[in-house]
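Have a look at the structure below, then the notes.
Lettered A, B, C and D in written order, each chain numbered from 1.
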Amino acid sequence: MAAKVQRLSLNEAIALVNDGDQVFTGGWTVVRRPMGLVYEIVRQKKKNLHLCANPGGPEVDLLIGAGCATVGEINYIGHEVFGHPYNFRRAVEKTQTPGYRHDDWTVQTGALRIMAGAMGLPFLPTLSLKGSDISLPGMDSLQDLRLQDPKLPRKKLAVIKDPFWEGQEVVLVPALRPDVCLLHVQEVGDKGTVRIQGGCFLDYYGAIASKLVIVSAEHIVPENQLRDNPERNSIPGLKVDIIVELPYGAHPTALFGYYDNDPWWFRDYLAASKHQETFVDWLSKWVLQPGNHEGYIEKLGTERLHALQADPVKGYNPHIRRRLDKLEEVGGR
Amino acid sequence: MSNYSRLEMMAIAGARLINDGEVILVGTGLPLVSTLLAKHSHAPETVILMEAGLYDSYPQALPFCVADARGVYRTPWIGTAVELMGQFLQNKLVDVGFLGGAQVDRYGNINSTVIGLYGQPDVRFEGSGGACDIAVMAKKTIIIMAHERKRFVERVDYLTSPGWMVRRYPDGKLIPRVEAGLWGGPYAVVSTLGVMKFRPQTHEMYVESFFADMGVTLEEIQQNTAFPIDVTQAKPLESPNDSELNVLRQVVDPEGIFMKY
Amino acid sequence: MAAKVQRLSLNEAIALVNDGDQVFTGGWTVVRRPMGLVYEIVRQKKKNLHLCANPGGPEVDLLIGAGCATVGEINYIGHEVFGHPYNFRRAVEKTQTPGYRHDDWTVQTGALRIMAGAMGLPFLPTLSLKGSDISLPGMDSLQDLRLQDPKLPRKKLAVIKDPFWEGQEVVLVPALRPDVCLLHVQEVGDKGTVRIQGGCFLDYYGAIASKLVIVSAEHIVPENQLRDNPERNSIPGLKVDIIVELPYGAHPTALFGYYDNDPWWFRDYLAASKHQETFVDWLSKWVLQPGNHEGYIEKLGTERLHALQADPVKGYNPHIRRRLDKLEEVGGR
Amino acid sequence: MSNYSRLEMMAIAGARLINDGEVILVGTGLPLVSTLLAKHSHAPETVILMEAGLYDSYPQALPFCVADARGVYRTPWIGTAVELMGQFLQNKLVDVGFLGGAQVDRYGNINSTVIGLYGQPDVRFEGSGGACDIAVMAKKTIIIMAHERKRFVERVDYLTSPGWMVRRYPDGKLIPRVEAGLWGGPYAVVSTLGVMKFRPQTHEMYVESFFADMGVTLEEIQQNTAFPIDVTQAKPLESPNDSELNVLRQVVDPEGIFMKY
């Protein structure tokens, strides 16, 4: 049966995420991440999440820092040029008994893994990984968990010989089969059709591969309106379960046509996340105390939101300065 | 002294390695700065790809990451990592992969994962992203990174992106790249001191040119390289011309995000 | 290097196709087939072509009937509800030494095979084919050619056990690696960007998988115009080698927004193709004697072309009657 | 006699097997006619998919094939066979596959490839298209075809689309569907004489209902079926109502392309 799309509040939507769930987050590094959904995961104190962003950005660093995640199968965690993922670093550096276990992948193999999940296949082949430490069983940091945790494949990868053509060695990578897919997009129809601008990244595959799909959007629009231009729609409603209207739901990451990256957020977050104590303060001040998404947006303030506003044609804000070491102040409390 | 920085010289040296018309898959930061400099000067027909799905990008402002709206604006088509990395790259349509890294060894193997032991690292980096894929599958790779002894190492702490001597599956023994069934391979390393290439037979790194007009000496390169490196064929690199400096400063990175003016 | 797109005449473009080439034709059954390119293949008397349409329509039946094709790896050849593919039938029914050898596949596995080619992979896995005669080595009609013809995979398929999850049996299907891809589309930019309306089918994969890509289009347009809406573009110029402006290049198949299926063509073709002699007459009258594409369009005549014209919003002609047994006459000579 | 044809009765019987809200992957011809009839009457929330890439199709005019612009108009999204067949179908998102065929056996195995020997056929048909994929991977399949002795056969000449007894790889021995690792399976066969289903245990075809008001008898069904078929539970099928006939004749196939008025 086609999923009956339900329109829920942010709180109701994230209440459907269970402790221990494997969670795919849409977007790419510092662009179009489902930050509003992720903040609410932190507020609802979800535990033992198994993350599979491809690649991960501030949403992953945040979930690790807030103690929500115990496993990640991810090719990259970072804030791109803004700075380093200090929560992630702290969780794995020189740690005897890490609270977070990290399995390294690559962009291509991560893409193929979520695509395999979308295809209902147990694996897909790749020519990548050959020659890298990433491929070695001795470098498989989840090896001891593989036969215990049913959300993990029994092996990290397998190698077979091509039986059809030149006989080269081909690497097989296992499917990702997330429980939950979290996306933030520009528009979603009231029956679940998703329209994304400026690049879909792997959001489509995450939606088709995951058991529960939660989409937050700047606007929920009448489905008929989206049917005027089917070529511009990105994800069919077939697999969308929950829709949430959430303006600024990707902040501080960029949303094509709506708002740009928030350099002030990254400056503050990077400074705070260098130490656990200052990060806990930051989390309290920016995520917990505001109480909900409206409180968070209120706290950012209109002046700051205005400073981030994108040119609707260019997709970004052509005036914003992004160099953190010379950042000038703007409003916001 | 010169009126330009080593960072600028490095970006310019990187740009000069790009030939017009090449299809180039490029990472954020210095690789993108060099590539845009080439695109805005001698290589306008270059097709710039980024792993998030960007195709034939010709940004009017410097993208901050490989998914930045600045890189999307007025591209003729938008894909995803499935097409860019799983099709164009794997199907050998990418001429040049342009990468950074934390460590490199004499064979052009790159580490962008950890310093120290993988299981209990001293320093953890962001991870491969698409770097491993690009190093495995581009027709050639250009590497760009600061020239320091702790970066130009005898042996990388973790082999993220395969160069000319790579890991055999599953035992991890280092074997020549071709024996692992890989095509492509590292073509050059551009650093803050000069440009290194690889010997055709041994695939060992040597110094091809150095930033002599900035006071760089061959001894300085050797001191900042933790493996023996042949400098006997090194020539001074041609100084940046005004056009290169102007494009870099006024068109590519006017904010100094990467060039840190 | 990026392909330097060349704009050629139809004659020059098809001169690049060699005897023995493996040829992928875009479109789907009776929709958006590269008919103008295929007619020219017949005029230039290409031989021993190896076809891999997925699925095949009138263009495949025509190439078989004209003696241009000797091998096909195809899941279906037909004219949908218009009628049966008599040339194909005649080529394989009760024939001791067929001039055309047919290998049966399915829509899904055919799609995966051309996708594997686009991915540069030797194969892709599937859960389809299990339980069907199509999967059996004893039913592999090309088995005797497989180790001789380098354009054929050594085996039709292979079966392996999933090493990662439930351990189910998975079928591997070999890549298709065409020499030539022939497409007809609504618009192509002067640097090769393709914009398709109404469904891309497998044209994108055919282009990325093939060595030489020839695109005919109703209109060649300035590339900059297509950059206004990148989301609406279907194939990047990277792999497009040759572009040909060819109005009505999909006739008699339908082109969304431009023209509908031509029922008069199908009525005449079906009647003629029932026998080799009448088919040869048809071919002479409709393909060879007109001499070139302009002659063919001229022969169709303006009244008939007008009768096929599509509603630009609906994409089809809402007035045309399609029931062949009650078809009324229209102009055309 | 009745004021409707066996073709119409068959189309209506097929439509009645569709439940509202089901995701249904449908072939051209009678399957599409039945499905559109259901969509226009009791099952408006049905999501109609077609193998060429059409999604949630709700045509205003009858599509002539699974790639027809009539099926594309005002759909909310357009895919390709990669998504429809390689993802939605293979990932078990399709509730019903609706297929035609040239021959069917008592286990719902379908032949749409050849009559006679595969290597030297007496008659060659168009081939599987997506039928094999759908029969393998839909959660259930409905088959619709004319009821003739040469079509309802003891053994299909070629097993294109697997039913309940399927080919073992690589030796071709017939084994139960589940032993081959397949889910789903045939749910019903709708013919010009009645509606057949399959016994839960043996998976053999039996007659569930027949077109009694059109003069069809159970003997006629047995005579037109080349394998023994249980008719002991067969009930007369409810006659078409005016609404069904009106929708079929005026909305779904007003030209009579398939219904041949």
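To be clear about the criterion, contacts are C-beta pairs under 8 Å (C-beta built on N, C-alpha and C of every residue); 3 or more make two chains touch, one makes a residue touch a chain.
Remember, it's a predicted structure, so these values are computed and weren't measured experimentally.
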Where chain C and chain D overlap in contact partners, by chain label: A
Interface with more contacting C-beta pairs, comparing B-C to A-B: A-B
Whole-Å separation of chain centres (CA-atom averages), chain A against chain D: 42
Mean-CA-position distance for chain B and chain A (Å): 27
Residues of chain D engaged with two or more neighbouring chains: 72, 78, 86, 90
Per-residue overlap in chain C, given as positions that touch at least 2 other chains: 120-121, 126-127, 168, 231
Category of the chain touch graph - line, ring, star, complete, other: other
Touching chain combinations (by label order): A-B, A-C, A-D, B-C, C-D
Complex contact set, residues of chain A against chain B: 27-32, 54-55, 74-78, 80-82, 84-85, 88-89, 92-96, 104-112, 115, 126-139, 141, 159, 168-169, 171, 198-202, 204-205, 254, 256-257, 260-261, 310, 314-316, 318, 321-323, 325-326
Complex interface listing, chain B residues touching chain A: 28-29, 51-54, 60-61, 64-70, 72-73, 78, 80-82, 85-86, 89-90, 113, 116, 118-133, 135-137, 158-162, 166-167, 169-170, 172, 177, 180-182, 255-258, 260
Contact footprint of chain C on chain A as seen in their complex: 120-127, 153-155, 158, 160, 162-166, 168, 170, 172, 174-175, 197, 231-232
Chain D partner contacts - residues on chain A that touch it in the complex: 1-2, 4, 118-121, 189, 191, 193, 208-209, 223, 226-228, 230-231, 233-239
Complex interface listing, chain D residues touching chain A: 21-23, 45, 47, 55-56, 72, 74-79, 83, 86-88, 90-93, 95
